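Everything below concerns the one structure shown next.
The first chain written gets the first letter, and so on, giving A, B, C and D; residue counts start at 1 in each chain.
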Amino acid sequence: MPYFLTAIIFMPLLGAALIALIPAAQVRSIRLTAVAFNTAVLAAVVVLGLNFNRHTGLMQCLEDRVWIPQAGIHYTLGVDGISLALVFLTALIGLLAALASGGIVKRVKEYFLVYQVLMTGLLGTFLALDLVLFYIFWEAVLIPMFFLIGIWGGPRREYAAWKFFFYTLAGSVVMLVGILAVYFSVTPHSFNMIEIARSSSMIPGGVQAVLFLMFFFAFAIKVPVFPFHTWLPDAHVEAPTPVSVILAGVLLKMGTYGLMRICVPFFPAGAVLFAFPLAILGAVNLIYGAFAAFAQSDFKKMIAYSSVSHMGFVLLGVAALNVTGFNGALLEMFNHGVITGAMFLLVGVIYDRAHTREMSAFGGLASVMPRYAFFLTFMSLASLGLPGLSGFIGEFLALAGTFFRFPSIAAVSAIGLIALVALFLVIIKKVLWGKPAGHASYPDMNAVEISVMLPLVALTLCVGFYPQMILQFQTYAVNALVGLL
Amino acid sequence: MVNIAHFIPVFPFVAFWLNIIFGCRLGVACAYVSVGASAISAVLAVLVFMGLQAGGGSYVLTPWLSVNGHPISLGIIVDSLTVMMLLVVTIVGTLIQIYSIGYMGGDPRFTRYFAYISLFMSSMLGLVLVDNLFLLYIFWEGVGLCSCLLVAFWYEKPAAAAAGIKAFITTRVGDTGLLLGILLLMSVGHSLRFADMSVISAPEPLMVLAALLIFMGAVGKSAQFPLHVWLPDAMEGPTAVSALIHAATMVAAGVYLVARCYPLFTAHPLALQTVAVIGAISAVMAASIACFANDIKKVLAYSTISQLGLMMLGLGAGGYTGGTFHLMTHAFFKALLFLGAGSVIHAVHTQDIRAMGGLFNKMKVTSVTFIIGALALAGVAPLSGFWSKDEILTAVWQHGNLGLFIAAVTTSFLTAFYMTRLILLAFFGESRGAHKAHESPAVMTMPLVILAFFALFLGFAGSPWAHHAFQRFIAPEEGEVALDLGMAVASTVIACAGILTAFLLRGKFLGYKEGTCALIENKYYFDEIYDALFVKPFHRLAAAVARFDQVRVDGVVNGVSRCVQELAQASRSLQTGLVENYLLAQAGGVFVLIVVVTLVGKLCHIF
Amino acid sequence: MTELVFYIIAVSLCAFAFLSVTVGDVFHSAVCLTFTLLSVAGVYFFLGAPFIGVIQILVYVGGIMTLFIFAIKLTAKIGDASIRQFTRQLWPGAALAGAILALLLAVIRANAWSLRLLPPVQGPDLKQLGVELLTRYLLPFEFISLLLLAALVGAIVIGKVKK
Amino acid sequence: MIPLGHFVILSAVLFCIGLFGVLTQRNAIRFLISVEIILNAANINLVACNRYLAPANAEGQVVSLFVIGVAAAASVVGLILIISVYRQRKSVFLDDFNLLKW
């Protein structure tokens, strides 16, 4: 199908245009339009997945048009096993977060407008194959996110929004310089990501190392890698629930996706050189995030820091530079999107009722809200990496990959595993267990909330039981990636 | 018949989802769903057992995952060890679930209880069926989760909630070792299948390390020293749970794991020796604590640790049959003891044995079955415990290490002692509580009777009269076995000595002043030490990390932004608005420019 | 002889210029400027550019200086000598100006063309100037006229007293 | 005969006096006076160089004519601005006009 990827990317934007035409007072039709368009995107992505050739590591559905010939910039799109799962995740989380946006009552029209633009940026980032195009989409994500946090956020929203914006921008600027440097260091000069990956051996080792670091800096902020992570808790705490879900579920993956799409294939020598430091950073992320999360008193902040911890697994997997590690990293990216997205939804559910996120204010909710208790327990267990649920497979593969390359780091990371268990059990204990006090009147989760959770629960279970569901799409792409090293 | 084995865990799993989703509507009926499911599993297990006569084997259901090019398949292993575990788990599990109908009756979360139990059954059965370590790990964590959820079943009680978390985290420490062991085995041994355990060749130190890491998982799950601290606390859960999970099945999984990976251990004596030593330490330590415990369930919990230690000791000393045999007999009589204790607690609403007394006349069935269980545990011939314990003692004796043998003997003696003390205090003497005790309903006593039957006669499977059927079943390759008569006499004498000592000291039990043996009464201060060594530092470290994050890491970020602001602020004051200042700066700039241009010109001339 | 006259003019030129930026009274400084401008005109005559010299006298002394005197008179009371006439950066300014002078002098000294003497060829005469202005430099020339017109209009607009 | 250097030196001295004035004058009118001195210094330079270095051409003189013209325009506008500001603020001192900052 020609222009199928273009259609996927710009469908949300079309939705935005349509929403712009609806009078602001018709909140209901605005919501419906947004949901409808996100459903359409999800359907299109499912069609894409069904037509996806699982037996090749090459790019599929390629689209290539000259865009700015004077600068050698093309409009290139394509999908492979590395991006497919993330595109699906984006579409799914996008739809669920749109469904969960019922709590947004302020300037609904603007909200969904910005939201749709965000979706276009996210999908574009994962599908772009031209560095300049990638950069444009990358930045296009930043601006709507800035507004979503800055306008619809909590009390310290402006601080959080600015912090997020400047932090990410600082990384992007370095990346822009890196993009230009890459363009000039390959012959023929090209922004095409496939060609650059193919001719990566042309770049001398030292240059590769420097460029690797430049790109890594940009991606590290997005992931976020310790010590560039402090924007994340602030942004999460201030962002409204659906935005948090997008932020944790999809946005963070842009960083790790960049690592796998750009850092490793473009600069294999740099990747090999920095694999060990990267693995150390992964272990630090894992342990540090878990510990930092443990001491928080704000529910959302705990989950935010646990995200930092989980992204440590992804880093470990990438640092392993082997098939197992890459598979684990990709799977963990997907799983983290599903699980942590669900966790933020659950935090939102309880925040809607209690209007606070202080852990000390909860307790005994298992008796008051049994369905909520089920979902929270389920997702916490998935988060802590309980075997049988999806989180475990990704973590295990990432850890196994690391173990094959750096056994000592994998062994140290085990501390993080224990800390994560402690963290999520304590969350369960503090929120659900104990005697209910003062909040006996909270209604249990309603149909909309449950219907948003159910697909995530189903995915968590299915991937946990049958990881090939996701892995089968990425096998060849990962093998191709390892082949570049 | 063997290849129906993989259906065994499916039924409880279905029962779990049925109870979770339709639990509210099913009400009390959900108990029948769970009991029915595990009864079907039991029937299947028996069928598999009978099919085993035609030869066991392992089969692969489906490839599942590929790690580093090594396929991990969903494979099932069916051999004597598996079948023994299947039988134990399904039979004991079914009986305990029946018992639970009475014991948990009226609980507001009745359905939830049975859902968890079914999930546990399913995980436990999966655990013993799978043919490789990786899948075992999955179910291993699954039973750990169920244990945690069931210990914290009455989560309104802070102690229960804390115990649940403690159970999960402590075992998770061991499990992390197991996970690392799996990774190590995978990277050096290239196979996780139990069938390949004996043929894996890799550098000796790495294999020892792998074996020890795997053993670490067993230590956590079987509550062995030094990870035993969670099991006594886990007694906060419903007593039926204690019986099923924390006595009969789950805690025995550690022993099962060692038995399953036995070739790995026997190939490396250091690993095997470690197993024996850890088992010996656990056995003696826990037995000594049990002598001073006053909570009926705590006595039994420590007894469980001690007996599991004894099994480990047996395995470590090379007594494969002894260890596994004791695992089986112990499952039955310890389940019986716990259920009996539950029955008592149900009747008197206290767990303190000093507040019981004189129950024998009020609760005939419970008392008799409990005493049968206690005697079996104490190892009095010819009850089941005698036979299995005798095997272990023989094995340890033949192993030749005197220290280990003394430990085993001491454990036997102490076991007989504390069980007699428990019975004397709880069932005989005067009634010390103002309670009207009564016998439990039939749904609870019936399983007691059945279990007592097993406790009485199961041991004969290992006796000469049955031609050592168990030994031939579990380890046919070990060849002809014979009863060491001397050892049998010795072990009976030891047990009797323990019982006798308890009788002699019976007057002193009640008047015993606390603090005389502070070290043992306080469980060797393990909780306190761990609290000071791990728990508190963990919290402190977490707080420190959070503070560090806020102050230092974020401080740097905010500091950078503040620097920019300050810089802007500072450069603001340069903008005086006075044209003369601007001009001065401009002229200065011109001056500098001229200097630079001339200098550069000069330099160009020079070079 | 002519050299001597030139040097006298040069020295007085510098002196008047210096006085015009240092004397206390603004009116005096305007007078000094007048003399400065006249001296500059004199220098032009020495350089064989009598037309420029005449224009200098006409435009500057006749036109611009008149404006200055008007301006000074219109802002009358500031002629008061007691008011501080220098900004706070007198000495930095003086030092910088001196430094630049020293630098310029050094540069001039170091260059050979500074010793060049008057060439025998006659300089451009009035006719040549006129032709150049109306041919090659026609556009700038017209721009200057436009600029003057704009300045005129602008001055009227700005100077108009608003009611 | 007078060497070119002397004219240039004269121009330089005059320029620096003007520069000094520009840097130090508080009174706006004297500021403008200083500007005129600088312009004259430039003019001397232009005419002198024209005469000495390229006597056949008239560029220097043409440009100096332009300079005079522009200077005239500049001082007209400058002075009228000063008068206008004086009407508003009753001051011609530059340090009283420091609103254009931050």
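Rule of thumb we're sticking to: a contact is a pair of C-beta atoms (placed from the backbone, for glycine too) under 8 Å apart; a residue touches a chain by one contact, two chains touch by 3 or more.
Here the structure is a predicted model, which is why all the values come from computation and not from measurement.
From the Cα centroids, identify the chain that ends up most central relative to all protein Cα atoms.
A
Looking only at C-beta pairs in contact, point me to the busier pair out of A-B and B-D.
A-B
For chain A and chain B, what's the span in angstrom between their mean Cα positions?
36
How far is the middle of chain B from the middle of chain D, if each middle is the mean of its Cα atoms, in Å?
Each chain reduced to its C-alpha mean, chain B and chain D end up 96 Å apart.
Using Cα averages as centroids, what's the distance between chain B and chain C in whole Å?
The computed centroid separation for chain B versus chain C comes out at 102 Å.
Report the inter-centroid distance (CA atoms only) between chain A and chain D in whole Å.
65
Using the touch rule from the top of the page, what residues of chain B touch 2 or more other chains?
Residues 578, 580, 584, 587.
Could you tell me which residues belong to chain A and also touch two or more other chains?
As it turns out, chain A has no residue touching two or more other chains.
Quick check on chain D: which residues sit in contact with 2+ other chains?
Counting only residues that touch two or more other chains, chain D contributes 19, 23-24, 26, 94-95.
Let me know each pair of chains that touch one another.
Between chains, contact exists in these pairs: A-B, B-C, B-D, C-D.
Spell out the residues on chain B that touch chain C in their complex, using ranges where they run on.
578, 580-581, 584, 587-588, 590-591, 594-595, 598
What residues on chain C touch chain B, complex-wise?
These residues of chain C touch chain B: 87, 89, 92-93, 96-97, 99-100, 103-104, 107.
For chain D, which residues are in contact with chain B within the complex?
The contact residues of chain D facing chain B are 19, 22-24, 26, 94-95, 97-102.
What residues on chain D touch chain C, complex-wise?
Of all residues in chain D, those touching chain C are 1-10, 12-21, 23-27, 29-30, 32-34, 36-37, 40, 43-44, 47-48, 50-53, 55-59, 61-62, 64-66, 68-77, 79-84, 86-87, 91-95.
Touching chain A in the complex: which residues of chain B?
20, 64-65, 67-69, 137-142, 145, 148, 152, 155-156, 158, 161-162, 164-165, 168-169, 172-173, 176-177, 179-180, 183-184, 186-187, 538-539, 541-543, 545-547, 549, 553-554, 556-557, 561
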